[in-house]
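Both of the next two complexes hold subunit A, though its partner changes from subunit B to subunit C.
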Partner chain A sequence: MSKSLLIISRQAPWSGPGAREALDIALAGGAFDLPIGMLFLDDGVFQLSGAQQPASLQQKDLGANLQALPMFGVEALYVAQRSLEERGLQDHPETLAVERLDDAGLSALIDRYDQVITL
Partner chain B sequence: MKFAIALFSPPHAPSSRRALRFAQAVLAGGHEIVRLFFYQDGVHSASSNVVCAQDEVDLPREWREFVQTQQLDSVVCIAAALRRGVLNDGEAQRYSRTAANLDAPWELSGLGQLHEAAQLADRLVCFGGP
Partner chain C sequence: MATLHVLSHSPFTDSRLSSCLRLLGSQDALLVCGDAVYALQAGSAQLQALELMPEAIALYALDEDVQARGLELPARLTLVDYPAFVALSCQYSKVNTWL
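Let's turn to the complex of A and B:
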């Protein structure tokens, strides 16, 4: 049986290539039919905010790439409730179907996966 | 035990030095490294154009010697490398660039190699990252 991999994405979408490169690991794993999960943590939760205007930074829209996750079979998607609250995002809907987890939920999630990559 | 080691930080970062020391300790302890995978700013450690002062640690050179001596499977992510100007001869020609700064023992390949390594290894150990 394939080993499961959790990717913890901690970088804001417009702070450099980090968020995009974390997502690319998830999409590549999905393409190989591997059991992949993705957790948005800390500034990574900004990736899930709607109505962003990447064109004003001459950037491509990362949100469009994020929508590819379910198409690549990556449907185990999570966001840290505490990270949302720390950034005042708790009352805004995420742009992707993600499950909100409290601190205990985060521990349990990380425990469930064989391997973890934090980017 | 089989280890896959991934490096995400640039050569001057403390985590890059720790990654090399960890890899050396893995082999010294009688374990196996199934693959080294260099991603994000970690690709710079594979560049042959990094120049260090004589009295400073030359991590790219140490990586190169370690990989060559131990004959390790060492993969540099091609997408991350191209983005950061780390190219082998083939890619330099493909994109009409005047210089290449990556050659053996490094191999340019895709993220599938990271996933394969993670599947083959008992432990995936990552260095660097935010």
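Let's turn to the complex of A and C:
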């Protein structure tokens, strides 16, 4: 039985490689059928907002790559409700099917996984 | 002696924006670029703080960074491109970059 891994992605999408690297780990793990979960926390929740135009910064569309997560078998996707509220995003739909969790839900989530990595 | 304050870090991860707002002079201006444009996010306390600045303080944002992040724009904001950014840097007597 492989150990389960929770990836916590807390970087905004366009300022550095953090967001993409977290996604790459998730996709690689998914490709090998590892039990992977992904949590969007803090500025990481901006990865899920719509109407982004990365081409204006000559960047590739991270949002399109996020859509690949379920195809790679990574379906345990979560977002921190508090992070959404702090950023005024609580009424905006996410671009990906993610489950919203409150603070208690977050600690329960981390408890459920064997290993955790935060990027 | 007005200063242009340039912010480029996310206002949700540290205190640069709040410190900058505290020490802003009455004729100063604020330019947000990079992740600092997230301060313009509708419904956030950060945007509320920006809206509370005196009218005399100009608020600028770098257009391409706003476009990339798909943000709605507050009424008092002026969008600038890089040439306009350079022009502003010359127009103010000092530029304070919050690295």
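Convention: the second predicted complex is superposed on the first by the 119 of 119 C-alpha atoms of A that agree within 3 Å, B and C clash if a C-alpha of one lies under 4 Å from a C-alpha of the other, contacts with A are read in each partner's own complex, and residues count from 1 in each chain.
As a working rule, contacts are C-beta pairs under 8 Å (C-beta built on N, C-alpha and C of every residue); 3 or more make two chains touch, one makes a residue touch a chain.
Everything numeric here is computed off the predicted structure, so don't read it as measured data.
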Let me test your reading of the model: by the given contact rule, A:46 touches which partner, first (subunit B), second (subunit C), both or neither?
second
Using the touch definition from the top, say if A:86 reaches subunit B (first), subunit C (second), both or neither.
second
Quick one: is A:34 in contact with subunit B, with subunit C, with both, or with neither? Answer first, second, both or neither.
first
Touch check for A:59: first (subunit B), second (subunit C), both, or neither?
second
On subunit A, which stretch or stretches are contacted by subunit B in one complex as well as by subunit C in the other?
42
Sort out for me which residues of subunit A touch subunit B in the complex.
2-3, 5, 10-11, 17-18, 21, 24-25, 28-29, 31-32, 34, 42, 115-119
Using the touch rule from the top, collect the residues of subunit A that touch subunit C in their complex.
12-15, 42-43, 46, 49-54, 56-57, 59, 86-91
Could you please specify the touching residues of subunit B with respect to subunit A in the complex?
6, 8, 39-40, 79-80, 83, 110-112, 114-115, 118-119, 123-124, 126, 129-130
Please give the residue numbers of subunit C that touch subunit A in the complex, ascending.
10, 12-13, 34-35, 38, 41-45, 47, 63-65, 67-70
